[in-house]
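Mind having a look at this structure? Questions to follow.
Going by the order they are written in, the chains are A, B, C and D; count residues from 1 in each one.
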Amino acid sequence: MAEESGHRDKGSGANAGHNGERDSAILKKLEDGSLKLYELDKELSPIDAIRIRREYVKQKTGAGLENIGIFSIDVDRVTKRNCENMIGTVQIPLGVAGPIRISGGHAQGDYWLPLATTEGALIASVNRGCSAITKAGGAEVRLLHDGMTRAPVFATDSVVHAVQVCDWVSVHRDELKAAAESTTSHGKLTDIVTFVAGTSVFVRLEFDTKDAMGMNMVTIASAKVGDLISQGTGARLVALSGNMCADKKPAAINGIMGRGRGVVAGIALSHELIQSVLKTNARTLFEVNYRKNLVGSARAGSMGFNAHAANVVAAMFIACGQDAAHAIDGSTCITTVDLTENGAYVAITLPSLPVGTVGGGTGVDSQQECLQLLGVAGSGTPPGTNAKKLAEIIGAAVLAGELSLLGALAAQHLARAHQQLGRG
Amino acid sequence: MAEESGHRDKGSGANAGHNGERDSAILKKLEDGSLKLYELDKELSPIDAIRIRREYVKQKTGAGLENIGIFSIDVDRVTKRNCENMIGTVQIPLGVAGPIRISGGHAQGDYWLPLATTEGALIASVNRGCSAITKAGGAEVRLLHDGMTRAPVFATDSVVHAVQVCDWVSVHRDELKAAAESTTSHGKLTDIVTFVAGTSVFVRLEFDTKDAMGMNMVTIASAKVGDLISQGTGARLVALSGNMCADKKPAAINGIMGRGRGVVAGIALSHELIQSVLKTNARTLFEVNYRKNLVGSARAGSMGFNAHAANVVAAMFIACGQDAAHAIDGSTCITTVDLTENGAYVAITLPSLPVGTVGGGTGVDSQQECLQLLGVAGSGTPPGTNAKKLAEIIGAAVLAGELSLLGALAAQHLARAHQQLGRG
Amino acid sequence: MAEESGHRDKGSGANAGHNGERDSAILKKLEDGSLKLYELDKELSPIDAIRIRREYVKQKTGAGLENIGIFSIDVDRVTKRNCENMIGTVQIPLGVAGPIRISGGHAQGDYWLPLATTEGALIASVNRGCSAITKAGGAEVRLLHDGMTRAPVFATDSVVHAVQVCDWVSVHRDELKAAAESTTSHGKLTDIVTFVAGTSVFVRLEFDTKDAMGMNMVTIASAKVGDLISQGTGARLVALSGNMCADKKPAAINGIMGRGRGVVAGIALSHELIQSVLKTNARTLFEVNYRKNLVGSARAGSMGFNAHAANVVAAMFIACGQDAAHAIDGSTCITTVDLTENGAYVAITLPSLPVGTVGGGTGVDSQQECLQLLGVAGSGTPPGTNAKKLAEIIGAAVLAGELSLLGALAAQHLARAHQQLGRG
Amino acid sequence: MAEESGHRDKGSGANAGHNGERDSAILKKLEDGSLKLYELDKELSPIDAIRIRREYVKQKTGAGLENIGIFSIDVDRVTKRNCENMIGTVQIPLGVAGPIRISGGHAQGDYWLPLATTEGALIASVNRGCSAITKAGGAEVRLLHDGMTRAPVFATDSVVHAVQVCDWVSVHRDELKAAAESTTSHGKLTDIVTFVAGTSVFVRLEFDTKDAMGMNMVTIASAKVGDLISQGTGARLVALSGNMCADKKPAAINGIMGRGRGVVAGIALSHELIQSVLKTNARTLFEVNYRKNLVGSARAGSMGFNAHAANVVAAMFIACGQDAAHAIDGSTCITTVDLTENGAYVAITLPSLPVGTVGGGTGVDSQQECLQLLGVAGSGTPPGTNAKKLAEIIGAAVLAGELSLLGALAAQHLARAHQQLGRG
């Protein structure tokens, strides 16, 4: 995109004059309430609506919003699909780590990882992990699961009615599948599981959503299925999502049954490599993981048995146009360090990583570029391939992050142990 | 920031020529490995390092990175504090919801909420919630807790040794507090709690970090404390974070003991308002929350008893320069709907929201503007006030989001119930 | 059993004389360590071994063990199957509650519930619940699930190997099923699910165990399956139980996938009945459940969303010869109270109740009598029927317990509310 | 107790005749409903009430209840304190394991462990663990916590009101403490912590209950405190237990804040001992614990990071007159195996073991004898000592059980590994 055609605010420039009067009139209407902020999109071009809205908020709050007004993404698309009441963008610093060698079921080769973050030292840390992994021959990565879920909840009259609903669903499985798939050109319904809690029935529908993360697709299909179940059984559809999906919450059901893409990644490190790259030894690396990630997490009543998977998942998600709130379910990771004869085998398991390469935020220009950087932009061949690749790449990235932080903690531990001896 | 002085990539412009040779030489060194990507910062100005690095990654991957190269934030600061191996920024669409009236212990007045997201309909949804809340007189918000934690883990020789370490800490509390506070000009150590799991001892240190989110401050202080404990007891400091902190993982300990700022927000809605704004009734609103957020979450083994708190927390965090990975702990929310004589009382409880208004990503220009928009940029008077305000505002925003989604689900439910009757 | 043939200690009686010397000799050997306590079973009849062992422990500790020595159960059987190093029995007070009317999928009719407990007021409480349920027409009960599980854990060399093991299991499902079923005359393998965590692979095997609780059957079958998997894949079988079973621990996997018998029970109570039997009203009953069992449990990071299901499960388990430690998984209950037009619908959901009517402690005489009292002793017709009935009866009993305690709390609440008004 | 004075049913004997008419009359009244089963206690001596009640249930169900009618415990006491509608007892087989050497903070010396169970092999397994521990010099045991809790829940009008209630409690702490302690001659209120979830306020009261398990004491004191809070703040007391106690449910709050007695126990095992007693080696022992108890439990969403702590806790609880339902909270154990230079250090952590040596079922004769066997019957000197000892003994017993089962799994693993090699 050439600088001249950027959608940046040029309000203070030469051509602002002839818009001045219109702008003032609109701002006045906003002020007296005769026009709502969200109605600007109907009256103005997206870029003008954004500008006026920002101007209005600026007036109301006294904040300077200059940087928010400087952006280059295609707002015609974004205002329709991604963001209401838009006033601009926030610029999230983007760095790269890598290259990281990945030997996955789908992702194969060397990758530069785009990480959008404001946490100093994070990218340097992941970078060191990438280096260790690549030197060790590359991360082994495999998919464990592939399927996005939605679980509408129904109210029934009694526990007997509740069980009847489950039975009805079981009998009408094919019919429900056909109905679900009639609402989507890509998605395939792959599983239906029912759960009862008193008079509430949860019907957990799982779909192969190909390259899409798939929540929208799945929600639409679930509405169709929900109506059929309701009509067929007399159960009332209370909510299209009954929290057994479970979306954007840490939940055991996601770990156990999987949600989105499940990924496991591992790397065998020799004693030499642990010493030269991580400045520690296998035993210490192991102990940090054991006392911190396993015992400490157990003692804390935690669902996260890892060092900082969330950092990497969130940074990759923001960079790649994934839904940032999905970092919640996406980061419930178990990190393991096994002592081996030759050193250590370090692995991460992400049972429920919701990712896609089409739809959602993936089409926003800068995010699309991050996907391109990974070679996974858009729909893959065959469909689903790109999303699977992205999942595996994120899995490898999390492994790099875990490796590096465990190594750093272990090295520090070693250093302190030495100090302590010296002081003793 | 004036447009002319922007740090945007002007590489293809007129003045690119005289740098061309130098650039080529550097790219060559990067290619042959004699220069590392992260070493560019030493050789070049930040803006040039970013440009060359981006150019290099572009060459290696074939991706177009134009939009990533368009930004206006002060990269001198960002490359030092927030982002290594920087190649540009991703632009996250930013919209506003509001105004929302807040009657908090610290935040008082009407606020426009900045939300950075790519999830279509989210801002519109929060906006509707803001409208309902403001019409109902404003969200009641209070802080429940204020204190950031770090819990180093120590290895001991035996369970007897482990208990001795706890006793030693108890006896030397004042000394540890003094040592901790010697490392920081702002932070105050407010609590020390010890936990034993076999031979592992976890010492959970809590600090008043004023306007900072405080992880760095707390980690540095913990290192000091950790060394003293180690010296005093002979216990080995295994890791500065032993996962009983617990940082960026969903963990019961955060809910129970609190971490960061704990917030509770509520709103009383009359029958009329529920009907006019949310298009449903109190009973249905209640039932959605009961079957979905309480029963469904319980059945799913979830730590999240809410509809979509993570969406709002993540969008506000990204906008306001908070650590996006903190949305994991920050969003473990319980949403409740009480039936009252006059309608319903809806509330959200966020026991562990890690937020700050100084440090971390808060200084990045566009994010700083979002904080200004809320009137909470920088350090408050007295110190801590701005962070407390921000926590309360996010609490109110989560309430708006919950209210709106519960309302939408309930209205849909009502609509379907009507349809079903019609069809019957 | 006639008193005269009882196995009670008659040591102080007339015929003790001629054993006196032998006994002294044996006690001496125990004292000097030439005979081990557990070796007594080889040398003596069970009843004599029990007596001498008790005598020895009495001498060593100075404790009077008279009551422990008074029992009537058939110790020939018990010492072989249920208890090593036996010294007698403890007598657990046994009361009855009921009759409770049950309208189940399997249990039909009025039942007297045997409850073995030392907690004063528990049986009276359950009794009141039974009364309310019976007056309301009987508890509706249904089975949700039927299948006992074991999940051996295997160590693999890498995550790639781990996934290969899962694939191998998937391909060899029929072969594994045949092997598993070759080890048992009753059990049927009904499901195999694999889980990966790093290099660990968990293979969760589920069996229809008919009237047996089935852990032994399932463990033996799992050993066979485990060996085959190990041979076929090169994975090392680390432990026959890998804690994804999960046996005698509270675990989300049991709630989500079910273990043992899953049961749901409910009852519709009219406003009149709530008033007359429970001395409260529907709204208050509901509120107690809402704030205590749902919100309180969520806030506590609990897996138990109920009032005191464990009391009833433990008391029925002890009475009926079930494994008391199974009360842990058996009592992870969700209790719900729905407000209805006519009053309230109260329900309990027990997703993982491990029960049987043959094997284990069910054959101990007094426990066998409790099963007879319920009409479910021994194997049912067809096999499995008795265990299913028992599960449903326990479900109804838990419902009675919940109803009664919620009612009592609610009535107390009402009483206090009245007091408070009076004082105001 | 001499056999002649036993309370056993002698109904079929010579002296039954003169009661025959009265009995028939009563049975008739029970049949026609003019007398309730629970009213028998008012009309008859306990022993007669038990007999008639059993006779009635026998008639109604056709079950033979002979063994249930044979018992020796003092039913005058039991029917008043422990069991309503009593019909007899169930006889739970009781064995001993040991001796186990314990080097605790309170328990010191060699103990024979009474275990009441019907699970074959359990006592033999614990016995082997005791042997290993004793040979290794004795279990190191320490208390981590001592305090029983109750957490009434209050309803408030708003989140503001909720926070006011917390503040009020904070200000009136001394007054509440005095009121609580006025209700008990032994208990001391040691802590008050408040929690808010929306409009619900939970006030967690902790007491030193000396030798009592203390639930009754604590509940009575909580009622008093609850009324004061209610009067002082206008908050409605909804339930004396708000499930943040948390009683008889698995809950993170108990692990984190402790409930009842918290215990940690450990043992250092040499390579030789692991080989000779457990027939395995340190590395394998470690691996079983790592993959099963840590990784497996994490993957299962479990709160129990142990092999079978519940078995030992339940068997000791039943033997020693503890509340069997407390095995739920009592068994949430973390088991760790550390590799050491000389072998392994195995430890268990039980953060919330509710035990007492006075009150509840501890006074039932056979159970009292089990406490005598351990030297902890009745109140200790000073008060509390016996309960602390009992907690430490159970901790050591759990350690023995864990050690033995881990060892058995490890040995099996080794055996299989050898087989596998042989077959290869």
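In this section, contacts are C-beta pairs under 8 Å (C-beta built on N, C-alpha and C of every residue); 3 or more make two chains touch, one makes a residue touch a chain.
Remember, predicted model here, so these are calculated numbers, not experimental data.
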_Copies subunit B and subunit D touch via same or different residues, half shared test_ = same
*subunit B and subunit C: spacing of chain centres that average the CA atoms, whole Å*: 44
*asked:* With centres defined as the mean C-alpha position, give me the subunit B-subunit D separation in Å.
replied: 42
*Quick one: subunit C and subunit D, Cα centre-to-centre, how many Å?*
15
_Residues of subunit A that contact two or more other chains, please._
155, 195, 197-198, 200, 252-253, 255-256, 295, 297-301, 303, 334, 336, 349
*Graph class of chain-chain contacts, one of line, ring, star, complete, other*: complete
_For a test of understanding, state which residues of subunit B touch subunit D in their complex under the given definition._
105, 140-142, 144, 155, 157-160, 162-163, 195-200, 252-253, 255-257, 264-266, 268, 301, 334-336, 338, 345, 347-349
*Using the touch definition up top, name the residues of subunit C that touch subunit B in the complex.*
252, 255-256, 290, 294-295, 297-301, 303, 305, 334, 336, 349
